[in-house]
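Order of writing sets the labels: A, B, C and D. Residues in every chain begin at 1.
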Amino acid sequence: MSGMSPIVKTVTRWVSPFILAFGIYVALTGHLTPGGGFPGGVIIAGCFILLMLAHGKEKVYGIFNLKSASVTDSLASLSFLCMGLLGYVFGGGFLNNFIQSGFPGKVFGLLSGGNMPIINIAIGFKVGGSLFVVFAYLALFRAIEED
Amino acid sequence: MVLIQIFLVFTIIAALIAVEAPSALSSIISLGAVGFGLSISFLWLGAPDIAITQVVVEIITLVILIRATIGKGVTEIRGNESKPLLIGSLILFGLGSAFFANYLSAFPDFGKSAVDVFTETPSQFYLEFGLEKAGGPNVVNDILLDFRAYDTLGEATVLFAAILGAITLLNKKVFFGKGGEK
Amino acid sequence: MLPLFVAIPLGIGFLLPLIEEFRERTKLFAVTVLLETGLLLALSLVKFGEKSIYRMGGWPPPIGINYVLDGLSSLVLVVISGIAFVTTLFAMTYMSEYENLGKFYGLFSLMLAGMYGVALTGDVFNMYVYLEVAAISSYALVGFNRGPEELEASFKYLIMGAVGSVFILLGIAMLYGSVGSLNIADISVRVSEVADQSFILLSTALFIVGFGLKAAFIPFHSWLPDAHSSAPTPISAMLSGVLIKVLGVYALSRLLFNGLNLPNLAPQILTWIGAGSMFIGGVIALGQEDLKRLLAYSSISQMGYITLGLGMGGIFISQGKPAIATLALIGGVFHLVNHATYKSLLFLFSGGVERIFGTRDLSKIGGITRISPVSGATGTIGTLSISGLPPFNGFWSKLVIVIAAIWGGLYPIAGIVLFTSAITLAYYLKVQRDLFMGDVVGEIVEKGKISPGIYVPLLILALCCIGLGLLYLPEFRGVVLKPAALALQEGSEYTKLVLGL
Amino acid sequence: MLTYLLAFILFAIGLYSVINKRNLIKIIMGIIIMEHAVNAFLILIGYRVSGEAPILEKGMTVTEFVNSAMDPLPQALVITSIVIGLGVVALMVALAVRLYQHYGTFDITEIRKLRG
């Protein structure tokens, strides 16, 4: 499965950086504009899946192979849990927005939501990594079955 | 208001096609039509967050579904369903919607949300103190990440557990445990 | 302290697959999960008997999510942690030759986190999310052996579970639409103010169907025999012992008793569903040849006892007989604890039998007490206590339920309870006769395989089966079971605790 | 009032597909349609006639925002439930692919027969 026709390859090569940028934008500005960690992460996963479909597995594995994807998945979930535990340690509740109560950022600024942007980034990485892993396993599973 | 009903009727027709279509590809594509029709009606219903999430999740679902079925060369899915079950479910559905339509007056009618009908609801607090207490103008993400962040933690765990389960099932490592594939 | 119950299993559930990426076959996974369950067992015993709430993120109840620790949830916490600790002890030796252990133990501790989340939470939608966490981990764990049968059983379990979850979500949507809040205590305050109760009844019906699918009540039980017989043994012990109770009966009774203030028809439906699944489960179990399928059908019938006890409690509350209602609720909760101990004992025992004889077909095997006396003895204790013979704990909880039924005047129910106990006694005597007493039948696959790791957990559970009988005595019952029954009975106590009205 | 009924009809179509269809993929589709129907129902509950999205622009005052914005709570619930649906779909497709590999067919009655 070495990927599709050259036309598709070049188009995806050109488009994928913009998809990735859009995914990161949606994930990052979750607390300001519509979007958030989940849709952003899914767009990031979609960009990698697109590359994988167009260029075949080997090329994409150079950037984001199976092991690093599931590692990002676990690490991002662990960092989300640690943000919660930090809130627990700093008093307040288990998932307390301790940065916001500590020093709130500029009202409509990017860093205004206390630990909300941080959690958004963690969810974005987690969803991106995990969906890419499950799609890679589905493709891997099918490829082995064929040959 | 009428536009929403048009979108919903469109999704119902697409859902019927998805269920009744003989070939795999056409039923998956009409399933996509259900999802995208819904996300447009979400936009109209004033929920942009949900529209983005719905569109993107729908794409991933379609890609996974097509990947799973078309790869198998399964284009023709033909199963002759039993007639009594069909009639039984139609009757059941008739009763259900009769009950639903008859008692619908008890439900707050369509245009009013919980903030208008009930006094001092949580969503009134979220709208009023969302920006002030949580710091983000997007109140929906305020709820998701601050007021009810514990829900989102469970949510991330659901996705993690589902993906971990899918990996365990698709894992090609053969093993010699009891009852496993030798 | 309370969020640690969910935070520790989540942390370990995220950590173990990460470790497995780097080192495949290490004993580390089993040891970490054993330490984790031991710690949580100690924590739950420390927390037993406390009545407190914990506000997530520091937000007051109707705004944020809160934990509620009262008589019932602290008892359920102890049951979950106890069974999980013993099952992990068993799984350390039983699963040692399997692959993918990091994923197995990761999913196991995520399932634990889901169950703790459901047991503790005081918010309807949050209960749905953590119910999904526990359910999805158990779907993958049921299909862990990846043989053709296991996959088909796991797929059927997944479809029925997903349909159940959708019904629960629709019920929550109806409830939110007609009441306007998601906090269980807040709902019980607002439900009484709602004029037209028809949509509350509709969401109650949806909850009964949804949680019925999760708890395998009789019309929705078809996934349970396949799932429990084809899952790996420690997982079927956890499923039968704890998962269907916490996700099914506990969550449903928490919603009906504390949330919706017992809508008028709900207790009757619960009682008759309990009586039905008790009777039909017992009758089908009579004809089973496979040991695990027999245990699975007997789980359905024993679950019927628990639902019956709670349903009768609801009837007596609405009839205004608080004393009898407390007794019936005590019977239900007492049976929940007992069934968790002896059903997981029997499932772990059936794993040992399968390991010795290589098959679970009762007609082909026999005489296990001659091969390994300890597991034979513990298996006998398990079968005797489940069929309700006096010295063991099964007898006492059935006795309480029968007394409550007679005292409350529900004579047909008492008749069904006695008749089903007779059926249970019949099919377990059948197991007793040929599996334990007879001479050795069937070739022995691995004689020396029954290492201490297998029969030590069986011993622990057998001692629990004997020890828990003492809970029937008034002073123990008042400390352990009465607060659990009162937590369900007095809704106002619950709202006062949570909302501080 | 009719709009709620439309969402309920969509739910009934999904339930019909899960119960009556014998093909694994159609059953998976039935579950997806049921999830969509419940999400739509949740959003319809939070709809306000003159409402706009619950996002505070710079110019708006809070009181004006409270009176005009949609109900944000069902929308937060729907985001969570969409992603739960995605997780369940991933697991169902993984199982269906494995079942196809073992039994060579997507028809659930054949699978039950072969299992014997």
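Basically, a residue touches a chain if its C-beta (ideal position, glycine included) is under 8 Å from a C-beta of that chain, and two chains touch if they have at least 3 such contacts.
All of these numbers come straight from a predicted model, not from anything done at the bench.
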Which chain has its C-alpha centroid farthest away from the centroid of chain B? C
Chain pair, A-D or B-C, that carries the greater number of C-beta contacts: B-C
Could you give the separation in Å between the centres of chain A and chain D, each centre being the mean of its C-alpha atoms? 23
Determine the centre-to-centre distance between chain B and chain C, using the mean Cα coordinates as centres, and give it in whole Å. 29
Per the centroid of Cα atoms for each chain, what is the distance between chain A and chain C, given in Å? 36
So the centre of each chain is just the mean of its C-alpha atoms; given that, what is the distance between chain B and chain D in Å? 2
Per-residue multi-chain contacts in chain C, two or more chains: 10, 14, 17, 56-57, 59, 64, 125, 129, 132, 136, 139-140, 143, 146, 151, 154, 176-177, 182
Where in chain B do residues touch two or more other chains at once? 48-49, 53, 57, 60, 64, 68, 100, 105, 107, 114, 122-123, 126, 131, 137-138, 140, 142, 144, 146, 148-153, 155, 157-163, 165-167, 169-171
Interface hub residues of chain A, defined as touching at least two other chains: 33-34, 36, 38, 42, 70, 74, 77, 81, 84, 94-95, 97, 108, 127, 131, 134, 137-138, 141-142
What's the contact topology between the chains, one of line, ring, star, complete, other? complete
As the complex stands, chain D meets chain C at residues 11, 14-15, 18, 24, 27, 31, 34-35, 38, 41-42, 45, 73-74, 77, 80-81, 84, 87-88, 91-92, 95-96, 98-99, 102-103, 111-112, 114-115
Touch list for chain A against partner chain B, complex: 26, 30-39, 42-43, 45-46, 49, 53, 70, 73-74, 77, 80-81, 84, 94-95, 97, 100, 104-105, 107-108, 112-114, 116, 119-120, 123, 126-127, 130-131, 133-135, 137-142, 144
As the complex stands, chain B meets chain A at residues 48-49, 51-53, 56-57, 59-60, 63-64, 67-68, 71, 131, 134-138, 140-142, 144-146, 149-150, 152-153, 156-157, 159-160, 163, 166-167, 170-172
Can you list the chain C residues touching chain A in their complex? 3, 7, 10-11, 14-15, 17-18, 21, 54-59, 64
Over in the complex, which chain B residues touch chain C? Could you list them? 99-100, 103, 105-108, 114, 117-118, 121-123, 125-126, 146-151, 153-155, 157-158, 160-162, 164-169, 171, 173, 175-181
